[in-house]
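Chain lettering (A, B, C and D) follows the sequence in which the chains are written, and residue indices restart at 1 in each chain.
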């Protein structure tokens, strides 16, 4: 997998203006309100409509965008942004300091029911309008991850007019989504497609973009095609130009087609990992956790299922995330013998008729709930079956009850399940705070499904978010990753990868730091 | 007996064997993975090929018979039992009881069976048992109405009147004449209903509400194979074929039973 | 007049029953609806959760909620989706189009296939009837989700005759409609053929032939109308089940529509949407069954009120 | 006109029609008679090429007006059917398409054969209906068959059949399902058509109907014509024993106390009738008789034509019985259903050993009276007494012990049996009521079966596996099982063939003689009623309008309605008429 490289590296022809591009997404946003939604897809699609204060490049550096410049207070408790003066919303409203305040306040307002954006704002206390084009965003505690947060579409800006008129309706997409971005959200048909048209007034592209001025494409259509086979099939028959989330099994097929190509990038942030619930039997025993960590043949399973398309993960953090600890690689390979030994030591010595280990007459059972089918991505349910088979070999039974999402959340975040699996994409090591900090308790909306409040982990992740010093961050995050593996509270599985299938006719398409396609620079060449 | 009935009966035999003693038909375990041999096409070693984890599809289809048949059978038995009870009570329990149950049934019958099942799933959640309950509930109103209609016909029939004229007590009358004759034809119809229940149950499984992995079930196997349609058609072919063949065989046998029954009783 | 009133009354009774059933399901729902409302991977705080609880009135007594719900129903307010936070009414009306299109295409296809098959094969030689019986049997035994997969594999992936997407154009409708139609066509053909054969064996059919009418004329002019009565009843029932079938077919073909909406709602315990779909089905049922009663009276003078 | 030579039709098995030959001339009526299943209808249908897809039809010659029909193509047949040969189907009441108006059916014939120009079709259709004797044809033409009475339907059907003016009319049982009064009118209508020059092929199982219209008669038995000749001669002096049996089996011709049936079973032989023939000898069993001339103009297929059957033995009840005590009495019964009064002020008495015949047209309330008498229905007014016991308006609990004293035999024995039960269980259930110990039940069932003339081999049979006659015998056995004083027989023989009918009537008579049960016997068939009853009551619209000893009511009816009923009875034009 390559990262962020523009597609179609052949002879760079001059970009062509015009044309319509159809992009097939695998999921459909439940809510289009970027301030409210927690879905990746919402950010990915709405990126075309919303600009951010600053932009983040693939190497983790920040560049001006709607803010010409910015400055962090030394205590990292406030950030001041100087805004561009020539920016206007799609509805003609000028973009100014007041707009920033209105938007951030809206995110912070509980009535918005924000599920992600408000956490990106962290300990937000308010926005001060310094002058018409200068704002200061203030926090109650040092908050280093804010810059990265400010570069995401979730902290994008709605026209104050539309917030005033349509605040409740912003969830449902369509022309009410008034932003400053290169495309205007012109039409939405649920279950089918969202249509975007070029914003001809656009002239505030970030430095990270390949060109300035309006986008090349007249129209961008996003089709919602949840079936992978349907996405790939329609790409092959050229009914769409770009397909998201091409399953690894099908990439070969696309590569074999002369008119098509594959563009991929690893997602930054939290790898797809299994989190072990340390608050209850039997995983409160570190030996058992370790046994499970080492008793899964992750390499083989990943290779079989993903054909090498997804990289096997060694750390809870993805390699493309700043602060990634590469020394973990190959440090805890598959070792069934060790796993068996650890289980013996933990007292799970006897075996029952079906070959499962028992202790005091109780079978070693791990309860690992399965998400409802429509939330299952990348065939993780099948991968889970492979893990079940692996663990059976060392005498561990894994049960996978499947229920609705409410029940699932209750089990997993209520601490009733033994294991939970998820990934958390974000181009910022602060995800480790979310995933492992002792105060990031699921009961309170956190994401730490290990239910462990390890003083070290908590301390380090707190320190990481309170500094912008690269060296300090590298150190604390590196140690955090190491300790999480040592404690065997997390079993990293693979690094998720955005795999786009696209027609070679599509030029200039790139993937941003979050591994999402950017359509601003894209254009359509001659049909091949 | 017709030739088609015999063939159908013969087709059912291995299915029943698969459902009861799967280990006789295959020596491999349905959940043992072998990632190295993933996605092998059908061939000598693997008659139906292998799936994405290298599991032998033949074995999985064989082992999938039990939950799949159980879905159809459990749901049908439950539905017929509940339907018979409701139907007989409605038909013999007096006007008020009849009116109430009929209005209730009207409501349930106004909804597509799959939707009714999905409503139950929404409340109960997925899983084999819940799917059986959901399908049973969805099919119960139909059976209840059939039994009621039959019971009303039987109640007004000459032989019930004749038995009444003999001076039989009402309890004897119901147990000896009304019940068997009202439920009998419905039972025969239920063999065909079994096929429908199997399709519906596997359908729910296909939608992801059924059997929990990694246990094989035909509907969920189909769902798992969907991403591989373009490259590994066999994953999507055999489980579906198993459902279809089962339903065809059951339908043929059921219709033969129906013919026999009609020949004997009307 | 009174029959019309009675009919309307019965229709409303069914609708009210369906509404109550849906509400009962809502109340029986275990777990916290707020969790459902928020969906997976949520970071909402307890404060937000309480706010939502109060907003939806989950904290009120059941009866109050019930009458409030009925009251809103009467005014056409189906509530808002937990998950999508949009009015159920808009969601359903938005999704009705593609499903109605699919269902209509399937019904037409099924009826046409069934009529052709039945008229051509009814009362013919043993071999012809056995062949007809065989195809009908296979058709009714086919799970639509498998049939869809087969058709997709064959015609879209291998032969690339039909596109796999494109809900808008007619071509893309062919495979899904066929998938939905084929099992129904099998059943209809069966019933129609039996109806035709029964009718053809009736003295009036022989009388018609004794009058000098040709085989085909007797089939079309006399027998078909008799078979049509049972066909109409069955078709009506099938239209109802199409909604169920749409759930599967829309999933297989990745199409938008009521089926996909329902499935999404069921998976998320998004009760307002599920309830809305239940009501929709009940309405469709009431409308169709009344229409069919009228149609039946047109076809068969014996059931006309004197 | 039509000349049929050696017609044979088979449906895969043994031929249903074998080597049948006959001719019909214009203005002539040939009647084919025979019992059910003898092949009459198949013959009729074969004449228009509609014997069915599964039928194999062959003949030495089948010519109509000199045209060879046996070589016709399907299109050719279409020109013959309706246009030159009209067929009135056996099932008259369902031979019109129930979904179309009767006018449309008549018009269809006119259009198919383009009889009159399109714009005159309607006028001609109305004319035809009028000619067929339908009053107010404008109104009737727009009605559907279910809105018409049986008689009107039959007329409309005839109108549609004769619309294209066929020169041969084939009428298959044109009067069977109709009320007696209507029967006469339809026969008159056919008679007029014959006089107008049509050739008429009349098919019936009823010799009485035939005698009214036929010039010549052919008797069919087992697919063959066994006797034929001029109607008058043949009916006066039948040559074939089967014809004789057919005539003798008409109950109307016998007074109570004589046996109707001939119960002889013999080994099957070459003469198809040998096994049923009282006269059969070795020749009959070894050699198939040829169809030979037996008298001028008459042929029969018999080795011993014209030989007399032995006289039927009298049952011995005669008319000289003393009336016993009153077993069942009804006083002022009234029963109303929603919109009509089904039974209106009905009173009667029934004494031990006697039979009260209840006669009346369909819907007159006979069955309702029977159900009240049986205690299955409570009257709205009036009382029923069973012996000394009050029988109506009491609780079922009080009634239950008395139930065994009054039992019923229904018109439809099949429907009165639990279809899953064997004969042993059916009769056994009734035996069990009497409190007979379990181990003796089987013996008692066998005894009862023997009493009604059934073999032990039937014990395991289910209702569907028996013939109509056998079923009715089982029903009688069940009724007798409780040792009743009163038998209520509601149309017990209406669904049966004449010959079987005769056997059952004989059985009932014998049983009454032996057991001295009282019978309430219901029938719409005056012949049957006349044969079995001591006294009769005539019902009309729920009321008994006339009652008295059978000879009195039949001999000098007082009510106009009774007279009309009696006049409508098709009787053999021979000295055997009851009058």
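As a convention for this text, a residue touches a chain if its C-beta (ideal position, glycine included) is under 8 Å from a C-beta of that chain, and two chains touch if they have at least 3 such contacts.
Please read all numbers here as calculations on a predicted model, not as lab measurements.
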A-B or C-D - the one linked by more C-beta pairs in contact: A-B
Taking each chain's C-alpha mean as its centre, the one farthest from subunit B: D
Centre-to-centre distance between subunit D and subunit C (centres being mean Cα positions), rounded to whole Å: 50
Interchain centroid distance [CA atoms averaged], subunit A/subunit B, Å: 43
Centre distance in Å when subunit A and subunit C are each reduced to the mean of their C-alpha atoms: 39
Mean-CA-position distance for subunit D and subunit B (Å): 48
For subunit C, residues that touch 2 or more chains besides their own: 30, 152, 157, 251-252, 263, 266-267, 269
Residues of subunit B engaged with two or more neighbouring chains: 122, 207-209, 226, 229-230
Numbers and ranges of subunit D residues touching at least 2 other chains: none
Complex contacts: residues of subunit B adjacent to subunit D: 157-159, 161-169, 176-177, 180-181, 184, 263-266
Subunit A to subunit C touching residues, read off their complex: 24, 30-31, 38, 110-111, 113-116, 118-119, 171-172, 189-192, 223-227, 229-230, 233-234, 236-237, 239-240, 371-375, 404-410, 422, 424, 444-447
Of all residues in subunit D, those that touch subunit B in their complex: 374-376, 399-401, 403-404, 407-408, 410, 412, 415-420, 429-430, 433, 462, 464, 478, 482
Contact set on subunit B toward subunit C in their complex: 103-104, 106-115, 118-119, 121-123, 195, 199, 202-203, 206-209, 219, 222, 225-226, 229-230, 233, 236-237, 239-241, 243-244, 247-248, 251-252
In the complex, subunit C residues that touch subunit A: 30-33, 35-36, 38-48, 51-52, 83-86, 90-91, 94-95, 98, 152, 156-157, 160, 163-167, 251-257, 260-261, 263-264, 266-269
